[in-house]
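What follows is a set of structures to go through.
In the two complexes below, chain A is the common chain; its partner is chain B in one and chain C in the other.
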Partner chain A sequence: MAQEQQTEHVGLARVLGPAHVWALGVGIVLVGEYMGWNFAVGKGGAYAALIACWFAGILYSCVAMIDSEVTSTVAAAGGQYTQAKHIVGPLMAFNVGLYLVFAYTMLEAANAITVGFLVDTVATMSGHSGVLDQRPFIILAIMFLAWLNYRGVLATLTFNLVITAIAFSAVIILFLATSGIFTTSPLQHAELMSGPASLPYGWLGILAAMHFGLWYYLGIEGTTQAAEEVRSPARSLPFGTLAGVMTLAIAATLTWYVCSGLMPWEYLGQAGVPLFDAARLSGSTFLMVLLGIGTLFATLASANGCINDASRAWFAMGRDRYLPGWFGAVHPRYRTPYRAIIFLVPIALIFALGAPIDQVITFSILSGLLGYTFMPLNIILFRRKWPLDSIKRGYEHPFHPVPAFVLLALCGTTFFAVFLGYGTQLVAMIAFYIVVSLWFHFWRYRFVNRGAQFTMPWPKPRGY
Partner chain B sequence: MDLWNYLEYAAWAASALFGLFIVIDWIKTDSQYSEEFLTSSREGELEALTEEQHHRG
Partner chain C sequence: MAKYTAPVQSKIGQIIDVIVLLIMAIGALYIPLWLGMAGSSKEPVAIENPTWEALGQNPAMVGQWEKLGFSDPAAAAEMITARFDYSFSISSLIVMIVVIVGYYAILLRFSEKEYCDVIAEKFGE
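Entry: the complex of A and B
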């Protein structure tokens, strides 16, 4: 109890800079460039995937701008949960907190499944005979990253920075090696994308491609979870988030360009690891190894960032008693939300070992999409209750309310696209959130720290 | 038995080690510190804490 006598409080450590914020956001998402985005090609052809990529880019630019403005004033763990708590109300905050935890925990499980698949692929390529048991590698990925997160946020996100930078560099190197700048290009866009192959399902195909178009950027909004651990939130969060969206827009476009120039849309639309396949088709062993390492690193970076973000959201909800206060504990030595990290490990393991990957991914996308739908409402209320002259913002997003309405329209379009392919899951998930909302309203809300949860030194909202 | 079978066993063992570290440290931490102290983090209090520690030197 010696340390306790010296320090009355223990909190998360403010040790991160803008590069860590970038690594958190891009690290979670970059795996989407290595796999997953290409199912958009299967839905509507290569051009449809490119249009979906850029429409999703607009959607996420709106998300990043809105998030950057609000988070630069709400420097607390929990990200959008904390924003909803201060701006909209407790029921919205509870729901947004759950969207975040489910979106990130499901994505972590999907990444761990992918690690198992990658190890199996390498084993087969190296001549292993018989069936490899993927489970120990899936469990190892989750346990190692949970341990890293448990031990401290600086090491966790520095690790993410290194492996994300390597994975991003691999995409750039693949593009430079195949684009024809240095040698003859193997890309054949004209042959692969002409005639019926240009838009095989017409405009409906573009709409359907939007479902997987999100995959290029899904998770960039997770940068806000670092708000309580960055040294300068007002500067680092907008900088890291906006730089992250730009990085992803570049990586997504280059990925599409290389892959669509090497593979016919019928194959690309079903490929498991399209960037790795593109490297193999280039005929270079160096590129094949590099993109293989890039795929593994991108997957680990994503799972690592997901553990970081899901645990911060769960911790913040525990601290405000939206969940049992036991989860609001901070490790006195490592300064991490250690109980939230531990609690989410078995949940991730259950989904990684027991659920099919497409269901896990769909649950993650839908939870993320519900979170994006909340953001336009959030920024409109924020600007109305606290106009620009009432609170100093670290970043003010331009053209308000245009980004909010664009985001709302794109969310509506994407909900329709998801409904076309996964209508049952969409309805089931909305039913789930309605049931837990009723539980929160009629039971859990009585335990919430109603006064103590509003901590930002803001003036009274206009009109109150 | 080839290299990959040994790697499977190594992955099981490493997973167990990481899990053990977490669980042992969790039990040790919870028994060493009071619950009030462990859950003393408050949103927005970090700046105040930093200032306080800075003044104490």
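Entry: the complex of A and C
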């Protein structure tokens, strides 16, 4: 017991800089350009996916602005979970913690599925006949990255920085090679998006595309999970997060431009690895190999970041006894939340090995969306309980409360977009969170100390 | 306010809590799948002996389909004709809105009650 108490109070190591924050955010999300975003094309057509990309960009700009202000003030592991605990209340914090864990664990599972699919595609192109068993590759990817996370955060995120940079460069090179700047362009936007192919579902399709439009950026808010391990959180977190959103907006637009100019929307809307397919259609073997490697690196970087973020949220909830306290331990040598890392491995495997990828992605998007809906409530309460002159903030976001209301409106639109085509999943997911909330409030919360949860050196909130 | 001392949970109790949470989480995804209710309402339209023209594909599109390995229109027909059904009833939309708003209302109400206790114990009444 004494040893357990001791391990719980060992802090996480502060070793990360702004580049690591950028790599953590972009590394998780860049895979969204390599797979998944194109389901937005399937829900509304190519133009709808582009409009959804830009509206989702606005949504995430609001998320980054709001999150940067709160996180630069609440610099502790757990990110939005810790924010909710100090600003809204324990039950909201418990839910936000679960949003984070499930959004990232499902994203990790989707990445592992894509690794298996990519290996299968490459094997078929190399002359392999018959059905390739993808499961060993899925298991290997998750286990290897979990081991890397177990060994230490600096090595993990340095690894992410390198493979994210390579994957991002591959997108830029594909764009430059196909855009017509250097050689004749193979892109045929006018022909492939003419007639009914322009907006196959009309204006309703644009709304519906917002569902998978989130996938272009989903997970960028994960930068806040590293708050306790960043050397200068007030500077690094806003800089890393906002730079990440800008990077992704550029990468998403370039990706859309290349892919929609090479593939009919019906194919693009269902493709497993669209950027790799785009490289195949460019006719260049070099590009095909480069984008194959880029897809592999993007999925690995994303899964790597997801394990990092999900385990921090699980760890933080264990440390506060929102979950069994056993999870709140830090490895005595590597100083990582090793029990949380190990525990989440089989959960990722259950979903990666047993569920279709669009379901897994929808599960992840819904958890993310519930978290984004929490953020406007969070910032409004934060400003009300601790006005600007009451505590020092590392960053103050401009135009409050406009970003909060814009974010709330876009979240409402996206709920409707998910409802179009995936309504059952939406209701099942909300039902889960209602049941689990009742379980927490009436059972689990008795194991949580009350005043000790509030760890920030802030004055008493106004109105209490 | 008197300081609340949380009871220490037994190891078995901790394990049971984790199992309950896992069952609920896995159930949220798998139960709709098992019942066949989850997923997109996307259905292909059957066309006998489809041609590229009948599938609404122009020469540029046909060229790309062929490069992607679909030289026979029949092989691509299912992919091309599959469409989402976006029709919905107002009542199902209202149910969705009530469920989401109700969920956040429960969250805010219970959270506020718990938060008052936290602040009272931390800062005193």
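Following the convention adopted for this analysis, the second predicted complex is superposed on the first by the 454 of 464 C-alpha atoms of A that agree within 3 Å, B and C clash if a C-alpha of one lies under 4 Å from a C-alpha of the other, contacts with A are read in each partner's own complex, and residues count from 1 in each chain.
We take it that contacts are C-beta pairs under 8 Å (C-beta built on N, C-alpha and C of every residue); 3 or more make two chains touch, one makes a residue touch a chain.
Since we're looking at a predicted model, the values are computed, not measured.
Enquirer: Compare chain B and chain C by how many residues of chain A each one touches, and report the one with more.
Expert: It is C that touches the greater number of chain A residues.
Enquirer: Does chain B (first) or chain C (second) touch A:G421, or do both, or does neither?
Expert: second
Enquirer: Quick one: is A:I58 in contact with chain B, with chain C, with both, or with neither? Answer first, second, both or neither.
Expert: neither
Enquirer: If we overlay the two complexes on their shared chain A, which of chain B and chain C does A:T82 touch? Say first, second, both or neither.
Expert: A:T82 sits against chain B, while chain C stays out of touch.
Enquirer: Could you say whether A:G325 touches chain B, chain C, both of them, or neither, answering first, second, both or neither?
Expert: It touches chain B and chain C both.
Enquirer: Look at A:I166 in the shared chain and tell me whether it touches chain B only, chain C only, both, or neither; answer first, second, both or neither.
Expert: neither
Enquirer: Applying the touch criterion given at the start, work out whether A:L154 contacts chain B, chain C, both or neither, answering first, second, both or neither.
Expert: Neither partner.
Enquirer: Touch test for A:Y201: chain B only (first), chain C only (second), both, or neither?
Expert: second
Enquirer: After superposition on the shared chain, which partner residues are touched by A:L132: those of chain B (first), chain C (second), both, or neither?
Expert: So A:L132 only meets chain B here.
Enquirer: Which residues form the common part of the chain A surface touched by chain B and by chain C?
Expert: In chain A, residues 325-326, 453 are touched by chain B and also by chain C.
Enquirer: Looking at the complex, which residues from chain A come into contact with chain B?
Expert: 1, 3-4, 7-12, 14, 75-78, 82, 123, 126, 128-129, 132-133, 136-137, 139-140, 143-144, 146-147, 150, 228, 316, 319-320, 325-326, 328-333, 338-339, 342, 345, 452-453, 455-457
Enquirer: Would you mind writing out the residues of chain A in touch with chain C in their complex?
Expert: 42-43, 88-93, 95, 102, 188, 191-192, 194-197, 200-201, 204-205, 208, 262-264, 266-267, 270, 277, 280-281, 321, 323-326, 343, 347, 350-351, 354-356, 358-360, 363, 373, 377, 415-416, 419-439, 441, 444-451, 453-454, 460-461, 464
Enquirer: Touching residues of chain B toward chain A in the complex: what are they?
Expert: These residues of chain B touch chain A: 2-4, 8-9, 11-12, 14-15, 18-19, 21-22, 25-26, 29, 32-35, 37-46, 49-50, 53.
Enquirer: Write out the stretch or stretches of chain C touching chain A in their complex.
Expert: Those in contact with chain A are residues 3-7, 9, 11, 14-15, 17-18, 20-22, 24-33, 37-42, 56-61, 64-65, 67-68, 76, 79-80, 82-86, 88, 92-93, 95-96, 99-100, 102-104, 106-108, 110-123.
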